[in-house]
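Each chain carries a letter (A, B, C, D, E and F) given by its place in the written order, and its residues are counted from 1.
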Amino acid sequence: MRIAVFRKAHFNAAHRLHNPDWTKEQNEAVFGICNNYNYHGHNYELEVKVTGEVDKDTGYLIDIKSLKELIYEEIELRLDHKNLNLDVPEFKNLNPTAENICYVIWNILRDKLDAKYELTVRLYETPRNYVEYWGE
Amino acid sequence: MRIAVFRKAHFNAAHRLHNPDWTKEQNEAVFGICNNYNYHGHNYELEVKVTGEVDKDTGYLIDIKSLKELIYEEIELRLDHKNLNLDVPEFKNLNPTAENICYVIWNILRDKLDAKYELTVRLYETPRNYVEYWGE
Amino acid sequence: MRIAVFRKAHFNAAHRLHNPDWTKEQNEAVFGICNNYNYHGHNYELEVKVTGEVDKDTGYLIDIKSLKELIYEEIELRLDHKNLNLDVPEFKNLNPTAENICYVIWNILRDKLDAKYELTVRLYETPRNYVEYWGE
Amino acid sequence: MRIAVFRKAHFNAAHRLHNPDWTKEQNEAVFGICNNYNYHGHNYELEVKVTGEVDKDTGYLIDIKSLKELIYEEIELRLDHKNLNLDVPEFKNLNPTAENICYVIWNILRDKLDAKYELTVRLYETPRNYVEYWGE
Amino acid sequence: MRIAVFRKAHFNAAHRLHNPDWTKEQNEAVFGICNNYNYHGHNYELEVKVTGEVDKDTGYLIDIKSLKELIYEEIELRLDHKNLNLDVPEFKNLNPTAENICYVIWNILRDKLDAKYELTVRLYETPRNYVEYWGE
Amino acid sequence: MRIAVFRKAHFNAAHRLHNPDWTKEQNEAVFGICNNYNYHGHNYELEVKVTGEVDKDTGYLIDIKSLKELIYEEIELRLDHKNLNLDVPEFKNLNPTAENICYVIWNILRDKLDAKYELTVRLYETPRNYVEYWGE
């Protein structure tokens, strides 16, 4: 019996979209107001989907408390109330677009999650803009 | 032309997570406050996804009124305002975790739904914790 | 400068509507499925509104972290994952309708909150049914 | 690195479900109140999902501003504040069920979207009834 | 003990904003796309707020089942899946703006609701546009 | 006939809570992670409530298109994708707490809105934390 379990979490962060290899004009042309030199920010909503086999004894796919704690320890502590460009080493040389943040989160969680589970991460930058990555 | 139709429904129920083969200490260690002897409860939100071919004459995959009634007759009448552990025979010997409730709902609907449709059931226990089962 | 600050929290609980002075028939006639002997439950969503004067030094009406902790200590620990009828002394002789739960929560918070603040409590039993009490 | 980007949009429209090859009685039996001669309407919520490879230079799968504009130009201007049956040529001979509206939207966007992207369209007719089409 | 109880309901309707005393040009200038000759429509979300004294025996302000039925009988049956301009006598000579629909609903409910209750009606035309009327 | 009209809008911004008259230690003790030197950010959701008399000819309290444009011109252009501390003159000497941002928005809109209308502004910093100011 294969099932998927979803857990939602959130974090609030500042960021700025910028490619250091480009001129100021190129950056403004591509990233528009998202290139604002002084940063802007979002309430990021995170959905973590874990897929696998249900344990007969517990009736759980995964203990959701442990999943919640994993997300808190590895993602919220790292990203919440941070400036993604300045405070988070993963974005030193990586533009913090929703796509790249989602990719970074997936990789962090993938390393910590038992290999028997499949993992998909969805990240809402706003209620109308969101991305999903599944490690393909 | 293959399409999916989704219908949402909800029910309010009490439950308690408990494995009768375990000691009191084991149950508390694994299920924590969800093991409370006197039960607690949830507003369960249910999403039923049906996939198949659109009918040319109606432009419907399935008459959503009939799907709504099926969910009402088979799921809401069985589970709404019930104690899942005490009032619902399916959980006599099955721990009513979100995973197992989702599995039970899928099986009930699968039996009643025309075999030409694929079926996926998503069950929200809270807005932040939910599960999905597709009969794999 | 008078302002209102709102903080949301939630708890999951089982309950049953019942008047011990009435017959079984009267209880069923008035409370219907909410009278189920074995209880049912809800995800209660709580909105606490505090009104008063903004502090010039902090720019805060109230430190929302302290409000969050107050709600956690006094309400969530008392009501979350509980059976309101059996586990919560306040409902020993008080029917746990949404109205009465809201009244009990307001009184608990009113006792702990600085008298300089006005207090309003809104309680969602479901997304479509909710109540509000302001101590009038 | 394959990823999916989602963008939400909405439009408000009137419609009526009706099969001109059927009698009045057949139409009423199948479509019920949705067959109302004078139309009724909805706030349609649209979710467009685009899947493909992330561009290394931008960190984008697709410029979401250009996706937002595409949806505005091709879908909102065509359908918003319209009577689907009377004002939209695509439904001259096609019953505007949620299934068929979703199919029409998918085809319009598919024509305009770079072939390197996969496309899925989800359409909410109400928060409880929605459909999804992926061009299979 | 004074309290407020809220109940949500919804209906789907077509409408058109139009003042018959004005020219075509005036109507288009003021109402824009809402003046579309062939109508458009909305999922109207209705919030009914009833205020009064809690009954000691039931712990209810009002039996929410009876409030739900009142809204169904008097509002949903009258407005759901209707063309407000053509099918609803109240809008024969009254422009169905959100303001006027809210006013009409308030008056219908006020006539049927026990005079001991205060009544406020909020009507969402879209999730971003809504109005409230309290009979002042 | 007195009525209230609500319009929602949103903006994404970075900010940092900080009192320049305090030491680093005092700022960290009071503002915690919200004091992060490099800023963090939010999706601010704004609800503007306007109260007054309905116009008989239009059936409008206020043309919601003009209210939408007013909010766009005066609030979104000023605050969206900005660093509130660095980019917005109003917060040069004012700590950008939710309370103070709400107060600033109210004052900007109050100046531009016809004096015949009453005005209330609600500002959501997150879905669980929000404030309301009405100019008292």
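Definition applied: contacts are C-beta pairs under 8 Å (C-beta built on N, C-alpha and C of every residue); 3 or more make two chains touch, one makes a residue touch a chain.
Everything quoted here is computed from the prediction, not taken from an experiment.
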item: Minimum number of chain-to-chain contact steps, chain B to chain F; value: 2
item: Taking each chain's C-alpha mean as its centre, the one farthest from chain D; value: C
item: Matching chain pair for E-F (criterion: over half of the contact pairs shared, by residue number), options B-C, C-E or D-E; value: C-E
item: Rotation angle (°) superposing Cα atoms of chain D on chain E, nearest 5; value: 180
item: Chain whose average C-alpha position is farthest from chain A's own; value: E
item: Chain A and chain B, separation of their C-alpha mean positions in angstrom; value: 29
item: Approximate Å spacing (C-alpha centroids) for the pair chain D, chain F; value: 34
item: Gap in Å, rounded to a whole number, between the CA centres of chain E and chain A; value: 42
item: Two or more partner chains touched - positions in chain B; value: 127
item: Category of the chain touch graph - line, ring, star, complete, other; value: other
item: All pairs of touching chains, each written as two labels joined by a dash; value: A-B, A-D, A-F, B-C, B-D, C-E, C-F, D-E, E-F
item: Residue numbers on chain B that touch chain A, as the complex places them; value: 17, 19, 21, 30, 32, 94-100, 102-103, 127-134, 136
item: Sites on chain E touched by chain C in the complex; value: 1-9, 54, 57-61, 63-65
item: Residue ranges of chain F in contact with chain A within the complex; value: 10, 12-15, 33-34, 36, 38-43, 80-83, 86-87, 126-127
